[in-house]
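Okay, so subunit A shows up in both of these, paired with subunit B first and subunit C after.
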Partner chain A sequence: MMGEWEASFGMLQSSAIWLYILKGTLFTVIISAIAVILGVVFGSILALVRNYCHSPKYRIFRWAAITYIEVFRNTPLLLWIFICVVFCPVPDLFAHRMFGLTTVETTLLFKACIALILFTSSVIAEIVRGGLNSVPAGQFEAAASQGFNTVQTMVYIILPQAYRNVVPTLLSQIITTIKDSSYLANVATIELMSRVRQILSTANIYNGTGNINVSDVFVLYGCAAAIYFIINFALSLIVRRINAQRKKAASTYRIVKA
Partner chain B sequence: MATLVSLDAWLKVWLYKSTFLLGFLTTLETAVFAVLLSLCLGLIFGLMSTSGRMLLQGIARVYVEFIQNTPLLLQICFLYYAMSFSGHSIGIITSGIISIGVYHGAYMAEVIRAGIQSIPRGQFEASYSQGFNYMGTMYYIILPQSIKIILPPMVNQVVNLIKNTSCLYIIGGSDLISITYSFVTGANTGGAHGPAYLVTGVLFFIICFPLSMLASTWENNLKKRERMTFTKAAAKPQEEA
Partner chain C sequence: MLKDVNLHVKEGEKMVIVGPSGSGKSTTVRCMNYLEVPTSGKVIIDGEEMTVRNHTKLVRRTTSMVFQQFNLYPHLDVMHNLTLAPVKLHGVSVKEAEETARHYLEVVGLSDKAHVYPTTLSGGQQQRIAIARALCAKTKIILFDEPTSALDPETIQEVLDVMVKLAEESNITMVIVTHEMGFARQVADRIVFMEDGMIIEEGTPDHFFNHTENERVKKFLGKILRH
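Presenting the complex of A and B:
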């Protein structure tokens, strides 16, 4: 029994396995960061269209945005990953070897990333919309009275305040996206979760005992859980700090006002 | 995309409609039991984290932090493989129910904690001074006031839970997503990607959409009512969305 545990921990002493896991971690972080950044861009457009395209001429865009957001919010990510793996076209730019990955891996990674970006942007659209709704209506009137046109009002007055309001929620969305990116393991892309699964399925070769033991499951998944936990917990501490600062600022503001 | 308009592919899906229905029922069954489990865990840990006792709060904190900061997929794989490699296999659906329930239990606990903490401290003191015990305070005084704050995010969690039943795929489950995938890749049934994914998407949508609509309507009504009772004296800082 003890021998099995020693064999499992022995696996972690191999630097090749560590490098493999750490590269997977790096890919997880990069994928999530790309998904959130592009998600903020698309999500903001969706949120602006859903919130402010009221004129009859542009109403169709509003309905398109609503449909997009609601469809993606109410269906599972895995479904979109499967759909993108089959239907998503891959531009030539991504369809060759890079970052030490084979062509198959890069195309799969590209497709899975598109699914994650599409899904994340629908969630972020709702977050940004919450931020837009929290900007008081007086801000629009003030901007209009100062001679700003619609685009200027949005870019200089409304969006900065809206983003400022939703920074903590967006940061928590990064945590969610890092967790969601583990769904890419289902189509065997190269992020942390799928790499750990690959190591587990061949653990009998690496641990030297000839078969896969319970201890391997504990050691490998424990390792992955620790990596995820460290990244996400650090982020959630930042979120909590920002929230605490804002609460403090708001209460001092109230005292000053009173 | 071409399969979307192919009659042949649609006929294939129609022929195997009982398979889809079976997957749908498995998903619903998993979701219902997982919701029940997560409600129980959420209630227990939510009450623990508002109990004011250091030890209980610490346990609840560790549970919530650990579960919320690791992916569900990792938890379900861990539970399933740990059980099956140690020779006590508990089955795919049971592992799914337990891990999904535990995962969303952490979120439910946070929702319930936030709901209870939104009630002013004086309500507890007033209730104790009237001779209510802990259970009585919670049941008659705190719960009726906090339920309207708790319900919308709770329903959102249920929607997320239903979507997250798709994680059963990784351990080889027979829920809707997994069945769809084996349908479109199967030897006899393969190829009908468009219609099969559309049907699956629609099935998820008709369950999740009414629930999330309900949640957002409640939330908006609540906000509207709050705005109506908004007075300068009770002015609260603007809440994050």
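Presenting the complex of A and C:
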């Protein structure tokens, strides 16, 4: 029995395995960062359309945005990963070897990323919308009274305030997205969780006992848990610090009577 | 809301609109820069009729506004509040816009506040910054929508002082909605009294305060001026 545990921990002394896992971690972080960045871009567009396209001419876009947001927010990410893997087209630009990955891997990675981006966009759209709604009507009036048109008003006055209001929520969303990206393991892409699963499925070769043991599951998944925890806990400490700073800054402002 | 309001404001005129709450004073000035879209009737500035199509550019060129709630941009410091519109809308260089801004900060007596954020200022100071912001656009017309109604009593005077100075020293057309009768008497070329969306009396301050025949105005003044 002790032998199995020793064999399992023994795997962790292999630098090849560590490199494999750490590369997976890097992919996890990169995929999540891309998903959040593009999520902010698309989410903002969705939020703006949902909030402000009221005129009859553009109402169709508003309904499209509402449908998109509600559909993606109320269905599981895993479903969209499976759907994208089957139906999502991959442009030639991505369908070849890169970053030391095979064509099959880059293709799957691209599809799964699209699913994550689509899903994250809908969540971030609602976060941004919360930020937009917290900007007082007077700001729109001030902008209009100075002669800013709708786009200028959004770019220079409303969106900066909206983003400032939701910085903590957006940062927390990065943490959620990093965790969500583990769903990608289900379609055998190359991020942290799938790599850990791949090592586990071939652990009989690496641990030297010829079998895959319960202790291997424990050690490898423990490893994955530890890595996710370290990244996300570090991020949440940063979020906490930013929140504390904002609170401090806000309390030094004199409260103005409304 | 408004019924049959017919106002002609001359260039350089200081017009004060008074009246009880809900009488349509604010709506009237807000129609002048299209914050309220008139359901019928016309707003004509400089001979140009304001329409859905041209209102943004016409407003940009001709009018500025000072609000009851100041509505400064909280994400920008005072200097950027003052230079945003000139730089982004009027094509003024940053350097020139900042020079103008410094000049008007001096006019409102807040030269030392150029680099603080609006929320750190008192209400009176914020409103003076808002007036400076309106001045920086260098428009011929400035609309004031109850500029002192949201202020602490002790800071009202500093804002009124700035407005009196403007009224006396500049050729800017000012349309002012206010409840400050002393101020109205001091700066107005013409006072307009509104009730229920209608103009029921207009005239010089002397006529309005001393010689009006209108019973409703007399009653209003009686209530306001008693104390």
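Heads up, the rule we're going with is that the second predicted complex is superposed on the first by the 253 of 258 C-alpha atoms of A that agree within 3 Å, B and C clash if a C-alpha of one lies under 4 Å from a C-alpha of the other, contacts with A are read in each partner's own complex, and residues count from 1 in each chain.
One rule holds for everything that comes next: a residue touches a chain if its C-beta (ideal position, glycine included) is under 8 Å from a C-beta of that chain, and two chains touch if they have at least 3 such contacts.
Owing to the predicted nature of the structure, the values given are computational and were not obtained by experimental measurement.
Undergrad: Sharing subunit A, do subunit B and subunit C clash or fit in the superposition?
TA: Once subunit A is superposed (C-alpha atoms), there is room for both subunit B and subunit C without a clash.
Undergrad: Compare subunit B and subunit C by how many residues of subunit A each one touches, and report the one with more.
TA: The partner making contact with more of subunit A's residues is B.
Undergrad: Taking the superposition on A as described, I'd like to know which of subunit B and subunit C A:248 touches: first, second, both or neither.
TA: neither
Undergrad: Identify the partner contact of A:157: answer first if only subunit B is touched, second if only subunit C is, both if each is, neither if none is.
TA: second
Undergrad: Is A:134 touching the first partner subunit B, the second partner subunit C, both, or neither of them?
TA: A:134 sits against subunit B, while subunit C stays out of touch.
Undergrad: Could you tell me if A:144 is touching subunit B, subunit C, both of them or neither one (first, second, both, neither)?
TA: A:144 contacts subunit C only, not subunit B.
Undergrad: Can you give the closest approach of subunit B to subunit C, taken over C-alpha atoms and in whole Å, for the superposition?
TA: Minimum over all C-alpha pairs of subunit B and subunit C: 12 Å.
Undergrad: Could you give the residue numbers on subunit A that contact subunit B in one complex and subunit C in the other?
TA: 253-254
Undergrad: Would you pull the subunit A residues touching subunit B in the complex into a rising list?
TA: Going by the criterion above, the answer is residues 70-71, 73-79, 82-83, 86-87, 127, 129-131, 133-134, 165-166, 168-169, 175, 178-180, 182-183, 185-186, 193, 196-197, 200, 212-214, 216-218, 221, 224-225, 228-229, 232-233, 236, 243, 246-247, 250-251, 253-254.
Undergrad: Using the touch rule from the top, collect the residues of subunit A that touch subunit C in their complex.
TA: For this pair, the touching residues of subunit A are 136, 138-139, 141-142, 144-149, 152, 156-157, 160-161, 164, 252-254, 256-258.
Undergrad: Could you list, by residue number, the parts of subunit C that touch subunit A in their complex?
TA: By the definition above, subunit C touches subunit A via 33-35, 56-57, 59-61, 63-65, 67, 69, 71-75, 84-85, 88-89, 117, 119-123, 126, 133, 137, 143, 150, 152.
Undergrad: Mind pulling up the subunit B residues that touch subunit A in the complex?
TA: By the definition above, subunit B touches subunit A via 1, 65-66, 68-74, 77-78, 81-82, 85-86, 159, 163-167, 169-170, 177, 180-181, 184, 193, 197, 200-201, 204-205, 208-209, 212, 235, 237-241.
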